[in-house]
Each structure stands twice: as structure tokens, then as C-alpha cells.
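What follows is a single structure, written as C-alpha cells, with notes after it.
Should a chain be cited, it is by its letter among A, B, C and D, assigned in written order, with residues numbered from 1 in that chain.
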Amino acid sequence: MSHTPTEMMTIAASRLLTNDDICFVGIGAPSAACNLARLTHAPGITLIYESGTLSTRPTVLPLSIGDGELCDTALTTVPVPEMFRYWLQGGRITIGFLGGAQIDRFANLNTTVVGDYAAPKVRLPGGGGAPEIASNCGQIFITMAMGSRAFVEKLPFITSFGHGTGKGDREKLGLRTKGPTRVITDLCVMAPDPETAELSVISLHPGVTREQVQAGCGWPLRFAADLTETPAPSDQELEVLRGLHARTRQAHGVAA
Amino acid sequence: MAKFVSLQEGIEEVLRDGDSVSMEGFTHLIPHAAGHEAIRQGRKRLTLIRMTPDLIYDQLIGTGCAEKLIFSWGGNPGVGSLHRLRDAIENGWPHRLEIEEHSHAAMANAYEAGAANLPFAVFRGYKGVDLPKVNPNIRSVTCPYTGEVLATVPALRPDAAVIHALRADREGNVLLEGIVGVQKEAVLAAKRSLVTVEEIVEDFGPRNANAVILPSWAVTAIAHVPGGAYPSYAHGYYKRANEFYIGWDKIARERDSFLSWIKANVLEKGPDAFAQYARPQRQAAE
Amino acid sequence: MAKFVSLQEGIEEVLRDGDSVSMEGFTHLIPHAAGHEAIRQGRKRLTLIRMTPDLIYDQLIGTGCAEKLIFSWGGNPGVGSLHRLRDAIENGWPHRLEIEEHSHAAMANAYEAGAANLPFAVFRGYKGVDLPKVNPNIRSVTCPYTGEVLATVPALRPDAAVIHALRADREGNVLLEGIVGVQKEAVLAAKRSLVTVEEIVEDFGPRNANAVILPSWAVTAIAHVPGGAYPSYAHGYYKRANEFYIGWDKIARERDSFLSWIKANVLEKGPDAFAQYARPQRQAAE
Amino acid sequence: MSHTPTEMMTIAASRLLTNDDICFVGIGAPSAACNLARLTHAPGITLIYESGTLSTRPTVLPLSIGDGELCDTALTTVPVPEMFRYWLQGGRITIGFLGGAQIDRFANLNTTVVGDYAAPKVRLPGGGGAPEIASNCGQIFITMAMGSRAFVEKLPFITSFGHGTGKGDREKLGLRTKGPTRVITDLCVMAPDPETAELSVISLHPGVTREQVQAGCGWPLRFAADLTETPAPSDQELEVLRGLHARTRQAHGVAA
């Protein structure tokens, strides 16, 4: 079966998740990846949404972070202050899954403004849960489609801290969590270099060239010495993902 | 003890010009009908507080009710921008909007501190990010035992809290269930509160011993507004109108289409307009 | 994920000599069977943490398991003194007991801070009283906004938490209901946790959307011990044995009668001894 | 009907309560007084016990602060940290009802130790909820039977703060609540003098003399200029109180 770059991105992200993970899930691509993992190789994975739903098992993807479906299929639902205090800050989440409008080479994210904060060119929605997801989860996976306005040389605003200006910055701030360990895009998968913490491409999706990846990135990209090709989506992965999207469209009555 | 009022009376009594107000609801139970009533009554110079200003605050901002916004995520969930919010921030339309921006963790902790009658909240947050550079209310304290420096935010203590809940009983106790968000904290943190409800029942009957209930003596006023959360939803009553959220993007994108919509759907309507979206719980369970 | 164990295995795995341990339960759901197992296994040098050390800690102290007690109210509720606790403090029997004393508000806040992974708790308390003079862990911070000085206590982060709950499901999720006390906080604040339960069920079935549940991944081990809270009680299962609490006063008043009781009822018995007090929920509802 | 001094104490205390009060209730005499008020002249009174039970309406008196009866008849039951944070510290309680082992002339209470703290003569249970009940409730009622070992010249330990060393001490500590406004004993009712905050007797129970009251008090007692006699218990008050105690004995199978 053929597949779209977005499907490849979601599937590559889903493969990183295991049965033992406790995931704090953002809406959109992260939610699709986490639920795909749950419906394929990681049925025991625990999904948490910031609306307070613990161990939730939605049959369709939520349009918002607080859809009724998330509550109806949850083990239980807690108040939002408890979610942020006991569960996220409590250090019980192994993986935080984030998207973003912009990312830099050290996997810092911007979802706040383009331009000057006081007089923005584009006002984005803001941080929401992301700043503390980025600092309090065991590690962070980021999914974003590539493009030179998204993968930028310098962020106008740091909404969520990744690796700062390089290796050791997290430790200097007293952070004991790993921060971003993978960035899964529609073209490739990146990981911070063990020496510098700068993102480098570790696998190219099938048919994607180094040049295409570089064209979607605003800084000169590094490629890992042992660069591999991302395994193509299996038929089962694609079928389950498409089924999930079809159920979602039907449930919401819209293209979600 | 809470008193039972009409929505019009409730907004008149609880929300005044110049107030800080939290209309809370985390996707679920957003008090849309009450927001419309505030627009109809022409409230001015409000400080709007909300973790996730969504359509309800887009409407209040676009109609000029707000002077300041305290928030942590301002978008149309799963859809995109709030165009009226952006127009106010980017272009100052209909007038300049002051903003105080936080993260969700900060806001949730600030409500919790407000409910607990503390002047500030302590949490592990804001490490390495730029928000503290643009928000002077983000400060720190040092742990008196470990020496660790932790982030602080001022407690939220709004003049008024406005929420939507599932049921009230005849004594004026209020029941919430499902995604309960920060509504209980918002009511307890506020000086005055108005709760709109789907149903008023004689009593709540058999229930979980730890049901989420606001006692009558912690609430100022209750108004019966069936469907009052639409296009948000009420657990066990009606579902979120996702198509409305998607459609809002087009309505709110232009000032004219926004103002026409407000005229037709808010100014020329009353609380009863929401009743068509309500479904009694028995039917909803089918 | 929580694993299912026998009570003996659970105490062996979760509770070690020299540990700090919270066996919590606020009148309701006190883990008596687990306390007895700790005595049988001869745990030593424990730091016992509990808001209301009652019979269970009187027994652990009287049998020499404890080196320190962190607490806020040490009595036999509605009856009078805990004689073994008093004998340890007043006379050093069976050996000297160090104490760290707080108020309930301080302990509750300290558990809450522990569950929230904070190093300390801030609250309005300890004004004008003598406890801060004898407890150097009671300190203060200054609000960075108002300048107000507030009391602090260190977060409680016990090595182990041991609680009793109503039910676990096959996945190891744990359900509490009724007077839930500080048990959830104690488990979340602790490094390791053991939960004894009245029943293990296939799944919890229909329930309140906001039921008090500890997910399997937040619990270390679960042991099925019906009746394990006796003479405390389990909501919907069996009632508090008030006559036992009253009778304990006489048993514990003298060292000899206490030791005889321990020998006959703890050392020479096993967890099964509690089963006689258990009633399945259906019968209890009659 | 004749009555005992303890019955008079409970009834005099109950009369101070109104339909509009939100009471934080301690076990023992406070609990009897609050429930008597609820069953007689103040059916709308709101009772809260520190175990987390909000708006509870027990049909029998609890033996402990966390009896199942309190939960079964409550509007709802909250976790103990929430009880102390949102409800007590939140400033929503109008009346805190305390007992104590010892009291001084400024209504400070001791329930911690007799003798030196480090090497006590008698180790009492400790403060429990009392220190913050005393500071965070709108006003405090205290019920205690008189006796020269209970009403003492100087407390060995201040567990709960009343009026300190006299008028103005609460304000100096930043306390905005009234503190103890009534002490209801088995012989009389006392109130802090408006000028000095020292307790003075404002009414004597029927048949009780000034000398009897002084004999039960370790400091030279002041009597209010307008000293009155406490109205004797009515038959209805006595019947309801005795009925409550009878139901309680039957329910607990013991003399509670």
C-alpha cells in the first residue's frame, strides 16, 4: 500500500512507544500516533490527556483535549490542578508528546508568537501545558511536518525548553529529565547528537533524499554517521491508522 | 446559601463593569449562555481569566467587553486560531487588549492557591523558557529546606466566577461530573459566583460518596439554563458540537461576519435560544 | 504496573528495616492486617508517619518496630490515650521514641506536596502556637507578591506507603470510596506502595466518571486481604468495631496484657485471621 | 425535667448556633451540641467534620471523626488535604468548635503535654486540626467541663491560639478572625471581655454560685457586670438530646 508523508510521520512516531509507557498526549499528530500504537503493537500503553483523563482508550480521535470520548473511556478523570500537580509534576509520566509551530536545532519549541512579543506579527495560541510537559516528563517526542518556516535558525520566543543552547543546559537549570529525544517529521526522524545535543537526522523516510530534508529546514542539518531508512509503513499499520481516521471523521461529522 | 435566579438576574448580580471574571470549563461545560448574557448586558472593562479562552472569550473580546486577558492557551481546539483574540492583540480591534500570559500548570496552580486562600502558588515550572521575561508576575521562592528555587505565580482571586454545571438540587447544591477542569477551584477562589445548570432536581439521589459537589453555601447564584454549554457539551446530556467549532473559524475570521453573527445570535436572542441543544439525561443515555 | 502478591510478600518487598513508612487511613480503611504483618516480620527502626496514629501504630510502637514517629494527633478516637505511645514517650518503653509533631493541616499539606513532587508545602498555620518552638522543621517563606509570611513544612516523601482499599481490578487499578483521607497522596508521595484490598474484581464496571482510583502504574503491589481494615472499617463492606477501640484501652494499658494480646492475635495468627470480619458488599448493603 | 451539668453545657452550647452557620465540628461535646442544634432550632445548620464530610446530618453521634455515619449522611466527602486547604484555610467556616485538656484566661488551649515537652509528665494526643481551626474559622466556641486542672493560671504548652496575652495579640499576628468568643462549661458561659480579651463569666447555669465556678478555675475569675442566669434546658431540648444519646448508645453498642 502507498502512504502519505503524514501517515509515515504518525506511524514512525507510534513505533517509538511501548506497552510500558505512560504518555502525556497532545492533540493532533501526537494523539494519532499514541492511539495507533495502542491499537497495534502497544495495547497496554497508558494515555493521559491534560483535561484530566487518566488511562483513556478512545475509539475515535478527539478533536479537542477534553472531548467526552476521552472521559467516557478513561479509568478515571481528575481535576485539572491535580493533573498538573500529582501526575505531571509528580514525575509519573514517561513520555510527553508535543507538537509546535516552530523548532530550532536544539529542539526548543515556539508556540507563542512570531515577531515581537509585545507587537506580534502572528499571535499563536501559546504554551498551554507544553512548558511543564517539556520539563517534567521522562523524555519528550516531538512531531512536526517539516518546512523552513517551522524548522528555523532562531526562535523568536522559547515556549518550551528543549536542549537550550546545547548539551548540559538542561542540567544547569536543574532539570533531571531527558528532554526531547526524538523529532519525528513527515520526511525523517531526528535525534539530539550525544555529544552536542544538536538535532541530527537518524533515519530518512522511504524515498526521501537528504536534499529534500535540508530544503525543509532553516539551519544546516547534520546527518548521523549511521543514517538509516525508516521502515515503510506495514499494511497493518496503515489499515489501523486509516480505520481510526475514518471512525473519527464519522464520529465528528467532519474532517478531523 | 445560593439563590435561584434567571440568567439575566444572575449576570446583573454577579458580574459588574470592571470586574475580573473567570468563565471556566475545560472543553466540557463552558458557560456559553452566560457569556452571551454578559455581551447582551454590555459589560465593559472586564479582566477575562481563563486557561483556554475559546469561542466564548473570542466573542467577549470581539464585542469589546474585555480590557485584559489572563490565559494560558488561546486557540480554537483542533481547529486553529481565535481570530477575534488575534485581531485584538495584533491590531487592537475593537480596542487594545492587555494580556497576562501563563502556562496551564501555572494557571491551574494559581486557581488552586486561590481556592485555598493562599496569596501565591509554588510549582516546578517555567524552566528555561521566555514567558518569565515578558510576565513580571512570574517570580520565585527558595525552599527553606533544600535551597531549591521554585517558580511562583500570584493566586487567582477573581471578582466573579461563572460556570456551567450538570445539576443543582433544591437546596442549591451543585453537581459536576466528567471533565471537571478547574471550575470548582474558580468558584471557591472567586468573591461571587454564578452557576448555570442543565437541570434542577429535587435531590441528587444515590451517588458516589465522593461526587464533585459545590455546597449551596459556597455558591452565590444559580440559573437554570438548559443547553447553556452549547457548542461545548454537558456530560450525559449532549455532545460537543464539533461542527460549530469548525464553522466558527469562518464566522470569526472577518469583523463583519463576526458582528452579524453576534447580532443575530446573541443580541437578538435570549437564554432560551440554548434550550434547543439540551437533552434531558434519560434521552441522552440512549 | 502493580503486581499481585500475598500480604507476606508485599510487606517483604515494600517495607524494609529503617524505612520511613506511612500506613494511612483516616478512621476509615486503616491497614491493620498489614501492620500486623510488619510486626510478625519484626521490622525495626521504622520512622512511622501518620496523621492519626491509632491502634495500628500503638501496636507497632509497643512491639519495638519504631524509632521515630511523625504525627499530628495521637489518641484512641473517642476513647482516650494510646497507652503504648504514651509509655514510649513518657517512659522510653520498649525503647526511646523520637517524635516530630505537626498539626493536621501541616501533615495534610505535606502529603499533598509530596504527591506533587514539591520539596515543601506552604500554608496559613501555626500562628501564635508553641509547636514551632519544639519542631525545627516548621519554618516560613515570604510571599513574593504581598510580603506576607506563611508557614512551611517539608514535603512528606516516605520510603513506603501502606494502605487498605475497597477493590482492585485485574489490571491492578485500585478503587477508594467514602472517607478517602490522605491515602492517595501517601501512595503518590511514597517511593514504594502496598495496597491491601477487600476484593479483587474483573473490572470496576459502571462508576462515577470522577471515582477515586489509583492507576496500576502508580502502585507497587496489591494483596487481597478481606477484612484487612478491622477494627477500622471498609465503606460498603463492614462497620467500624467501636467496641474493639473501647476494649483496646484496657488491653494496651499494661505492658503484660498488651504483649499477651500481641502474641495471641498477631504473632500466632496470619492474614487469614481478618477474613472473619469481612462481608462481601452485597450482604453489607442489607 | 431535671438535668445534669453536662446536659446543661451541651444545651447552652447548642443555643449559640444558627441556621446560617457553617460549623467545623470536633468529636465529643462539640459534636453533641452541633447536632442538638440541628435537631432543634437550627435544622439548616451546616456541619463539617475534618475527615472530609461536607454538610453531614448524622442520626447518631460519631465515636470518631471519621465514622461511616458521617460519610453516609454527607452531601459529599472530600480528601483530607482538600478539607484543610479549600474549606478550612479557604475561610468558608463561620464557627470552629473546640474542646481541650487545658485552657487559660485568654482562651488559649493545650492538648499537647503536661510538663516539659521533651520529657512530659502526661503526653496528651496533640493538636490535630485545632491549631488551624482556631486561626482560620470566623469565630471559635470552646466547650470544656470546669476544674482547676483544666482551667489553669498558665498553660505548659499553647496548642491552639486564643487571645494570646490579651487584646490585640491576634491582630499583631495578622489574624483577621475573631478567635474564641464563647467558652461554654458545665457551670457557666464565659466570653472575652471587650476591653482586655480576658474571659469573664457572662451567665451562670441555674443553681450554680460564683463560688462554685471559682472553685473550678485556677485563676481569679472575673464576672461580667450584667451577669445573667443561663435559661434552664427546656423539656424539648432535653428530650432531643437524650434521644440522640440513646440512639448513639444503641448504634455503637456502647456508652458513647
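Everything that follows uses one rule, which is that a residue touches a chain if its C-beta (ideal position, glycine included) is under 8 Å from a C-beta of that chain, and two chains touch if they have at least 3 such contacts.
Bear in mind the structure is a predicted one, so any value in this text is a computation, not a measurement.
Chemist: Which other chains touch subunit A while also touching subunit C?
Modeler: B
Chemist: Looking at chain pairs B-D and A-B, which one is connected by more C-beta pairs in contact?
Modeler: Counting C-beta pairs in contact, A-B comes out ahead.
Chemist: Average the CA atoms of each chain to get its centre, and name the chain whose centre is farthest from that of subunit D.
Modeler: The chain farthest from subunit D, judged by C-alpha centres, is A.
Chemist: Let me have the rounded angstrom distance from the C-alpha centre of subunit B over to the C-alpha centre of subunit C, please.
Modeler: 39
Chemist: Measuring centre to centre with CA averages, how many angstrom lie between subunit A and subunit B?
Modeler: One centre to the other, that is 28 Å.
Chemist: Let me have the rounded angstrom distance from the C-alpha centre of subunit A over to the C-alpha centre of subunit D, please.
Modeler: Computed from C-alpha means, the inter-chain centre distance equals 57 Å.
Chemist: Return the residues of subunit B touching two or more other chains; collapse runs of consecutive numbers into ranges.
Modeler: As it turns out, subunit B has residues touching two or more other chains at 112, 116-118, 123-124, 148, 178, 180, 185, 207, 209-212, 235.
Chemist: Where in subunit D do residues touch two or more of the other chains?
Modeler: Touching at least two other chains: 71, 77, 85, 89.
Chemist: Take each protein chain as a node, join two nodes whenever their chains touch, and name the resulting shape: line, ring, star, complete or other.
Modeler: Other.
Chemist: Going by the touch definition at the top, which pairs of chains touch each other?
Modeler: Contacting pairs: A-B, A-C, B-C, B-D, C-D.
Chemist: Which stretch or stretches of subunit A touch subunit C in the complex?
Modeler: 20, 22, 46, 54-55, 71-72, 74-78, 85-86, 89-92
Chemist: Under the definition above, what is the set of subunit C residues touching subunit B in their complex?
Modeler: 116-120, 122-124, 137, 139-146, 148, 150, 152, 154, 177-178, 180, 207-212, 235
Chemist: Using the touch definition up top, name the residues of subunit D that touch subunit C in the complex.
Modeler: It comes out as residues 27-28, 50-53, 62-68, 70-71, 77, 79-81, 83-85, 88-89, 112, 117-118, 120-132, 135-136, 157-161, 164, 169-170, 173-175, 252-254, 256.
Chemist: Tell me, which parts of subunit C touch subunit A in their complex?
Modeler: Interface residues on subunit C, with respect to subunit A: 1, 112, 115-118, 173, 185, 188, 207, 209-213, 215, 217-218.
Chemist: Please name which positions on subunit B make contact with subunit A in the complex.
Modeler: It is residues 26-28, 51-52, 71-75, 77-79, 81-82, 85-86, 89-90, 101, 103-105, 108-109, 111-112, 123-131, 134, 148, 178-182, 184-185, 212, 233, 235, 239-240, 242-243, 245-246 of subunit B that touch subunit A.
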